[in-house]
Amino acid sequence: MIPVLLILIPLISGFAGFFIRNGNGAKKWSLFSSVITLLVSIAGLSIYNGKAYLNFDAEWLTGLGSRFSVSLDGLSQILSLLTAISFPVIFISTYRNEYKNAKNFYALMLLSQAGLMGVFVATDALLFYFFWELALIPVYFLSSQWGGEKRIQATFKFFIYTFTGSLLMLVGIIYLYTQTPNHSFSLDSFYSLHSKITGATQGWLFWLFFIAFAIKMPIFPFHTWQPDTYEQSPTAVTMVLSGIMVKMGLFGVIRWLAPVLPIGTWAWGDTASALCIIGMIYASLIAMQQDDLKRLVAYSSIAHIGLMCLAIFATTKIGMQGVMIQMFNHGINIIGLWVVVNLIERQFHTRKISELGGLAQKAPALAILLVIVALANVALPLTNAFVGEFLMFSGIYNSVATTYNVVFTVTAGVCIILSAVYMLNMIQKVFYGNTNELTQNAKDIYPNEKIILAVLVIIIIAIGVFPQPILELTKNVVDSIVTKMNYKT
Amino acid sequence: MNAIIFSAVWGIVMMFSGVLSNNKKTIQATAIVGLILLFIVNLLDLGGNHFINIDLHNMLYFETFGLLFNAIAFGASLLYFLLSSSDILKVGVNGAEYFALIFFVLCGVSIVTSFNTLLMLFLGIEIISIPLYILTGADKRDLKSNEASLKYFLMGAFSTGLMLLGITFLYGATANGSFFLDDIAAAKTSLSPLYIIGLLLLLVSMSFKVSAAPFHFWTPDVYDGAPTVFTSFMATIVKAAVFIAFIRLFGDAFGDTIQRWQIFVAIIIAATLFIGNITAVFQQSVKRMLAYSSIAQAGFMLFALLTLNTFAKEGIILYTAAYSIATIGIFAVLIKMKDYSFEGFNGLAKHHPTIAAVTTIFLLSLAGIPLTAGFFAKYYMLAAALQTGKFLWLVIFAVLCAAISVYYYFRIIQAMYFKEGEPQVLETTLSFRVVLIVLSIIIILLGIFPQWLINQIYYLYL
Amino acid sequence: MGTTQILFWFLSVLAILSAIMVVVSKNPVHSVLWLIIVFFAISGHYILLNAQFLAIVNLIVYAGAIMVLFLFVIMLMNLNADAEPQKNKWLKIAGVIAGGALLLVFVAALKNADLKNQIAEVNSGDIGLIHNLGIALFNDYVIPFEISSVLFLSAMVGAVVIGKKD
Amino acid sequence: MSKLVYLVPLFPLIGFLINGLFRKSLSKSLTGIIGCGTILASFIVSLTIFSDTRKAGFDTVIVKLFDFINVDKLQIPFSFQVDQLSILFLLIITGVGFLIHLYSTSYMHDEENEHYARYFSYLNLFVFSMLILVLGANYVIMFIGWEGVGLCSYLLIGYWFKNTQYDDAAKKAFIMNRIGDLGFLIAVFWMINQFGSVNFAEVFAKAPGTSVGILTGITLLLFVGATGKSAQIPLYTWLPDAMAGPTPVSALIHAATMVTAGIYMIARSNVMYTLSPISQTVVAIIGLATAFFAATIALKQNDIKKVLAYSTVSQLGYMFLGLGVGAYTGAVFHVMTHAFFKALLFLGAGSVIHALHEQDIRKMGALKKFMPITHITFLLACLAIAGIPPFSGFFSKDEILAAAYARNPIYFVVGVITALMTAFYMFRLYATTFLGNFRGTREQEHHLHESPSAITIPLIILAILAVIAGFVGIPQVFAKDAHILHNFLSPIFEKSESLKQTPELSNSMELTLMAISVAVALIGTIYAWRKFSNNPELDEPQGLAKILSNKWYVDELYEAMILRPINAFGKFLNDVFEKSIVDGIVNGVGRTIQYGSRQLRLLQSGQVGGYVLMMVLGIVILFVIQIILKK
Amino acid sequence: MPINYYIFLAVALFCIGVAGVLTRRNAIIIFMCVELMLNAVNLLLVAFSKMHHLALAKVDPNAGINGQIFVFFIMVVAAAEVSVGLAIIVMMYRNTHSIDVNFLNRLKH
C-alpha cells in the first residue's frame, strides 16, 4: 500500500490545494503534505528488507493488458525517497518566495510530485507512461506561468521536445506490448521479451526509447531545452526539474530500456556512450563560459548526468551501484546548489556571476554551505558524490560491454577536472574577492534556509562517509538488472 | 431504424414548431426534448426494442457498432444542443428550420451507420450533405458564409459525381449486378480493373467527406466560413458519422482485399497528417486552426481504416467520442469569444478561470495527452497500426505530427494562462458552464477508464 | 454495321461533341442548350438500351425541368452575354490537362480489363419498362424511396431558408 | 595501542569541527588551545604507537573502522594501517604540524576572531586529511586524504579570500592537483581491474605475478598523481603560487603535509615501482629534471617565500630521484630532514615577514641584528638544506646522491650541480636578508623586533631537529648498522631491497662522492655569502637571468598552450556551436515547420478550381500508383 | 454493344465534365458540368444494368434492374441538389452580383 500512498497523498492534496483560498494556507498545506509523504517514504524504507518488495496491484485497463501495479524495489525506494526528501526541502527553502496565485503554484507542485512518484514506482509500462506525462504537464504550467521573461518560448520548447520523445517511447511501448505473449504491459512480461525480439528490431526499439530518455536526461545533442528551461523556470521548479525529473530519464534506461532490450543496448551502447562522453566534455566546456548561475548549474548537470548514463551502459554491477547512489546524490547536491542560487537571486535580483562578488564576507554561512555543496558537486572524497563517481568510473573502466572502456574512462575523467574549474570559478567570483555596490549590503541567510542547507550538507557528508546502507538498499535490484543486461544471444 | 424514423419525424415537428411558435425558448426546448427522445429510441434500438418492424429488404443492417456510434453521436448532439442551441437561434431568423435540418442530418447519420447497400450509403450521404450546404450558408448576410456554402456545394456535388462513378464501376464488377456490400465483397475474386477503379473512387470520395488530404481543401474554407455553431456540428458529429460509414464500407465490402488498398490509405494518412498539422501551425484564427486540426485528427482516425482490426473498431468509437466531445466544447467556448484570433484568448484564465480550465482539458485531449480521452483515442490507433507489424514508418511519422499538433493546441493554452490581456467574452450562463464541466469530466473519465466505459456499453447490449 | 450500331455511334459522337461544346461555349445560354442536346443524346442511348422509362424521365426531369430552371436562373441574372472574363490561361490549360490525365488513367486502368465478352444488351430485355421498375421500386426499394422523401424535405426546407428574404 | 590509531586523525577532526562550527563564539585563546591541543594529542598518541612499533616482533596492524564501499566483489574497508612507514609520517606530520600550529597562534593573532577560528579549523582539517592519507590501508582511503589535502590547500591558500590573486592561486593549486588526481584515480581503477582490490596488502602480494607492462602503467599513472601533489614537472607551477596563503600554511604544505604525499605514496607502493624499471627511470628523470629546473628558477627569485617554494620543488625532485633509483629509505629520510629544515625556513621567513610586513628580499637586509633567534635558526636551516655536514640535509641528500650514482653517474652529476645551485641560492637568500644594510623604510626599521616566543620556540625546536636529525641515518661507511632509520623501515622496503639489482658502491667510492658533494656545497655557500653579503642583487635582471626570474615563462606557456585554447574552444562551443548548430538545428526544425506551414497554406488558395484541380491530381496520382503497383 | 464502348463513352463524358469544372469559372456552368458527370454515370449504370441482365436473365428475369433503379435515385438526388444549389447561387448573386467562383476568395490560407 505504501507505493500507492506515495502517489495518492500528493495527488489528492494537490487537487485539494486548488481550492485553498489563501496563498499562505496553500504553502503550509503543501509543506504538510510533502512532509507526510516523506514520512510514508521513510516508513516504506524501514519495512523494506531488500528481498520482499512492497507491491500493490489492482485492476485497471484489463482489456488492454494494463494493470495498476506499483512496486517499491531498491531502485524505486531510492528515487522515491529522493522525491520525498526534495519536496519539503524545496518548500522550506523557497518559503520566503512569494508567488502570484500561490495556491495554483503549490497545487501544481504537488501534482508533479505525484507524477514523479508514479514514474518511479510503476511496474506497468502504460502506467509508467501515464505518470511520465503527468509529471511533465504540471511542470510545464509551473514554468510557463511563474518563470522568467522568456519563459513561454523556453518551456514550450521543453514541452514539445520531451513530448516528442515520450511519444516515440509510446510507440516503442506499444510495439513491445503487441509482442508480449500474454498481451500485457507488465514489467515482467516486458522482461520476458529479451530473447524473443531479434537484434535488428531491438536496435530501432532501443533508439525509440533512448531518444525519449536522452531528451529527459538530457544527453547531447538533445539537451538544448535544458539550460533555457532551467534559466527561465522559477527556482523551485528548476529544483524539481534538475533534481528529480532528469532522473526519470536515467530511471527509464535502467528499468525500461537496458534490461528489456539487452541486445539492442549491447549493440548501441557504445554509440550512446559516445554521445554521453561528448556531452560531458561539451557541457563542461560550455559551463566554464557561463555568466548566469542557473545556466552554469544547468550545464554542469548535463555533464554529471552524462556520466551516469555512461555508467549504465558499462553494464557492470559496480558501475550500476554507482549510478544508483549517484542518482540520489546528484539530486541532493543540485537542489543544494539551487537553494543557494535562489537565495542569491532573491536578494540581489540577479544571477549574473559577473555582477556579484565578495559574498563570503557578508554571508559566511551561505558561503560555507555552498562551498560544501559545490565540493560535493565536484565529487570530493567524503562527500556523497565521490562514492557515486568512484563506483561509476570503476564500472566504466571495468566494463566488458565496450572495448573503449579506457578511452571512456579517461575522457570522462577530464570532466572531473573541468568540473572543478567551473565550480571554483563560480565560488571565487560570487563569494570571494571584494564586495561591490550590489553586494555590500548583503545579508546572510535566514535560519530556515540555513537549516535546510545544513540538512543537505549532513546528508552529503553522511552518505559520503557511510555509503554502504544505500548501496545495500540497491544491491538486489542492481544484481537483477545487470544480469538481465548481460543477456546475450 | 427507430432513430431514422424518429429523427425524420422530429425534423418535421421542428419545422412546424417554427410555424406554430415564435418563442425561441419553445423551439429550443422542443429540439432538446426531441434529441433526448432520439437518444432514448436509439438506446432502445440497441436493446432490441424496435417500434416498427418493416421488411428492410436487406437495405439496412443494424449492428452494435453502428448503433453504438449512433448513441455517441446523439449523445454528443445532445451536449451540443445543451451548449449551443441558443447560439443556433442567433444565426438567423429561421431557427426552427435549422433545427429541422439538423434532425435531417441526424437521420442521414443513422442511415450511414447502418447501410448495407451502396444505394443507402449514397442517399445517406446526400441527406447529410444537402442540409449542411444550407446550414453553411445560413448566415445569409455574411459573405463568408455565402462563399463557404457555394464552395462546399460545388465541391460536394463534384465529389458526389466521383462517388457515383465509383459505385457504378463496382456495380459493373459484381457478378450479379448488385449494390449490396456482400455482393461487392464477393466480386474480389475477379479483381477486375472495374473493381479497383470503383474502390479507388470510393476511397477518394469518402476521403473527401472526411477531409483527408489531398481531398481536404474544402474543409478549412467551409469550416471557417460557416457560422461557428454549425462548424462545430459539421466538424464533430457529421464527420465522425462519415468515418463510421467509411469504415463500415471498407470493412464490409473491401475488407478481404485490404492488402490491395492499404498502401493508398497509408499515403493518404501521411499526406493528411502532414498537411493538417503543418498548415495548422501558422494559422492566426483559432477557428481556422481548428479546421486544420480536424484534418489532422482525421489523419489519425484513418488508422482505423488502415488496419480494420478489433483495436481499430474499438478505438474509432472512442476516438469519435473523444474528438467530438472535446471539439464541441472548444467550439462552444469559441462561439462565446468575440475575437477568434489567438490573441483573443489572452488572459482568459484570469478573468474566466472555469472556461479556461475546461478549454485546457479539451485541448489536452485533442493533443492526446494522457489522462484525457484523446490519449486513448490515439493510443488505440497506434496500437492498431503496430499490431499489423507494418507501417512502422507511418506510426512514427504520426507521433511526430502529434508532437507538432501540441504546438498549435498549446498556443491557446499559452494565450489563456501565460499572456496578459482582456478577453472579450459574451455572457455565459451557469448552465453553459456546468455542461462544459460535464464535458471535461467525461473526457477525463474516458481518459482514465476508457475500457470501462466501452465495456459497460458493450456488456449492456451484447 | 446495323442500324443499332450506326445509332450508337451517332449518339455517342453527338453526346461527346455537345459535351465539349457545353464546356467551351462562352455564352452560358448556349452551354445550357448544348447540355440539353447531350441529355437528348443520352436519352437516345437509353432507348437504344431499352430503358424507356429512364429515357423519358431523363427528358422530362433533366432536359425539361432542371435545364429550364438553369435557364431561368441565367436569364434572371442577365448572364446571357459573354459575362465571363478571360480566365487565367494557364489554369485553363492545367484544367484541360488534368481532365485529360484523368481520362488517360481511367483508360489505362481499364485497358487490361477482360470485358471483351461482356455485352450490354441492346434493344431487348424488359427490365427498363415502367411496369418492372415500378414493381421493384415499391417492393425491394421501398425503404430508399421513402427515405428520399427526407432528402426532398430537407432540400425543400433548405431552398426556402436560403431563398426567402429575411 | 596501535588499535587506537584512529584517535590520531580523530583529534584534529574534532578540533576542526569545534573551531569550524563555533568559530563565532570561541575566544582566540580557546581556539588556539583547541587547535594546538588536538594536534599535540595526536602527536602523543603517535609517539606511544611509535614506541609500540619499536618493539621487536611488531607486525603491520590494520584497523578496520567500517565498510566504506562494499559492492559486488569490490570491497573497500575504511581501515587504517599502522606500520613503520606510516608511523614515521605520523610523527613528522603531527610533530611538525604541532609546531606550526603553535607558531600560528602568534602569527595569525591579528586576525578577527571568526577568521582566526576558521584558520585553525582549516589547519586541523589539513592535518586530518594528511593523516588519513598516511594511515589509509588502501588506495581509496589514501585518495580520500589525497584529495583532502588538495582541498585544504585550496582553502588555506585562499584564506585571504578578498584578494582575487590569492583566490586564483588557490584555484590553481586545486585544479593542478585534480589533474594529478585523475591519474591516481585511473590507476586505482586499473588496480581494481587487475587485482580486484585496492588494499595495500593484497595489491602488493599480487603485484609480483603481474606483467611488467601493467605495473608500469599503473605506477606511471600513480606517478602522475604524485607530480600533481608533490609539485613535479609538469604540474609544479601551483606550488610557488601557493605562497599566497599565510606563511605557516606554506610551512605546513611544504614540510609536514601535502607535498610529501607523493613521496609517501610511491614509497608505500615501492614493490610495484621496483618491479617496473621503466617507471623507476621515469620517476628518477622527472625528479632530477624538476630538481635542476626548480633550482635554476630559485636562483633569481626575490620573494623570500618564492625562493623557498622553488627550493621545495627542487628538494622534492631529489626525493623522487631517490625513489626512482630505489633509495626508498633515502627518500623518506630526506622527507624527514626536509620537513625540519623547510619548516624552519618557512617559519623563519614568516617571522621576518611578520616583523617587516614585506616579502621582497631586496627591501630587507641586516636583519641579523634585529632578530637574532630568527637569524641563527635560519642560518642553521640554510646549512642543512645546502648539505653541509654534519647538518641533517647532508646525510639524507648524500644517501640519495650515492644511490643515484650507483644507478647512473649522470644522475649524480646533475644532482651535484643542483646541490651547488641549492647552496648558492639559499645563501643568496640568507645573505640578502640577514646581512648587509637594512634597505627598508624607516618606519619598518622602527618597528623591527624579534618575534614573540610562540614564534621563536618552534624555530628553536626545529633548528635543533634540523641540526641533529641527520644522525638517525649515518651512512654505512662511517659506522656499521648505525643507520637507525634504515633498520627501522626495513620491513617496508625489504621486498624491494631483495628485488634490487643495482650494485653496491664500494666504501671508497662512496667517500669520494661525499667529498665531491660537500665540496660543491661549500663552494656554493661561500661564493654566495661573499657575493651577496654587502652588495645584494637589486637591479632588474637581464638576459638569461630575466628568463629565470620569470620562471622560464612556464606559466605563460601553459596559459598559451592549454588554457587559452580550451577557453577559446569553450567560447566557440558556447557562442557558436551551441547556439547556431545544436540549438540551431532544434530551432531550425521549428522554423522549417513554420516556413513549411506558411508555404503549404498557400495551396489553400481560396479558388474552387484550384481545389478541384488538386483533387483530380490526387486521383490521378493514386491511379498511377495503382497501375505501377500492378506491374 | 460491347460494354467497353459504353464504358469509354461514359468515362469520356465524365472527364469532359471534370475538365469543365476545372476550366470554367461561372458557378452555374460548373454546376452544369457536374450534371454532365452525373449523366455520364447514369448512362454507364444503365449499360451495366443491361450487361448484367444479359448475363443473368435466365436465372433471374429481373436481373440488372437495380442499376436502373439507382439511376432513378440519382435523378431524384440531382433534382434536390439542383434546387438547393441554384438557391445558393442565387443567394450569392444577390449579395455580390456575381457568380464568378474566382471572386470566392475571402476564405483562404
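List of remarks:
To keep things simple, chains are lettered A, B, C, D and E as they appear, and every chain counts its residues starting from 1.
Please note the rule applied: contacts are C-beta pairs under 8 Å (C-beta built on N, C-alpha and C of every residue); 3 or more make two chains touch, one makes a residue touch a chain.
What you see is a predicted model, and the numbers here were worked out from it, not measured in a lab.
The set of chains touching chain A and also touching chain B is given as D.
Using the contact threshold fixed earlier, the set of chains in contact with both chain C and chain D is B, E.
Each step here moves to a touching chain, and the least such steps from chain A to chain E number 2. Ranked by how close its mean Cα position lies to the mean of all protein Cα atoms, the top chain is A. Should one ask which of B-E and B-C has more C-beta pairs in contact, the pair is B-E.
One simple way to say how far apart two chains are is to compare their mean CA positions; for chain C and chain E this gives 6 Å.
Centroid to centroid, with C-alpha atoms defining each point, chain B and chain D lie 78 Å apart. Spacing of chain A relative to chain D, judged by their CA centroids, is 37 angstrom.
Note: centroid distance chain D to chain E, computed from Cα atoms, is 97 Å. Among the residues of chain D, those in touch with two or more other chains are 601, 604, 606, 608-610, 612-613, 616-617, 619, 623, 626.
For chain C, the set of residues touching two or more other chains reads 91, 94-95, 98-99, 102, 106, 109-110, 113, 115, 140-141, 144, 148, 151, 154-155, 158, 162.
Contact of a single residue of chain A with at least two other chains is seen at no position. Listed by label, the pairs of touching chains are A-B, A-D, B-C, B-D, B-E, C-D, C-E, D-E. The touching residues of chain B, counted against chain D in their complex, run 151, 154-155, 158-159, 162, 196-197, 200-201, 203-204, 208, 213-215, 217-218, 220-221, 263-264, 267, 275, 278-283, 404, 407.
Taken in their complex, chain E has these residues touching chain B: 3, 7, 10, 14, 17, 21, 27, 30-31, 34, 37-38, 40-41, 44-45, 48-49, 51-53, 55-56, 60, 63-64, 66-67, 69-70, 73-74, 77, 80-81, 84-85, 88-89, 91-92, 95-96, 101, 104, 106-108. Those residues of chain C lying in contact with chain D across their complex are 91, 94-95, 98-99, 101-102, 105-106, 108-109. Of all residues in chain A, only 157, 161, 220-221, 223-225, 282, 285-286, 288-290, 316-318, 321, 358, 360-361, 364, 375, 380-382, 386-387, 390-391, 393-394, 397-398, 409-410, 413-414, 416-417, 420-421, 424-425, 428, 431-434, 465-468, 471, 475 touch chain D in the complex they form.
Residues 4-5, 8, 12, 15-16, 19-20, 22-23, 28, 31-32, 35, 38-39, 42, 45-46, 49-51, 53-54, 57-58, 61-62, 65-66, 69-70, 73-74, 76-77, 79, 83-85, 87, 91-92, 94-96, 98-100, 102-103, 106-107, 110, 113, 115-116, 118-122, 125, 127-128, 132-133, 136-137, 140-141, 144, 148, 151-152, 154-156, 158-159, 162-163 of chain C are the ones touching chain E in the complex.
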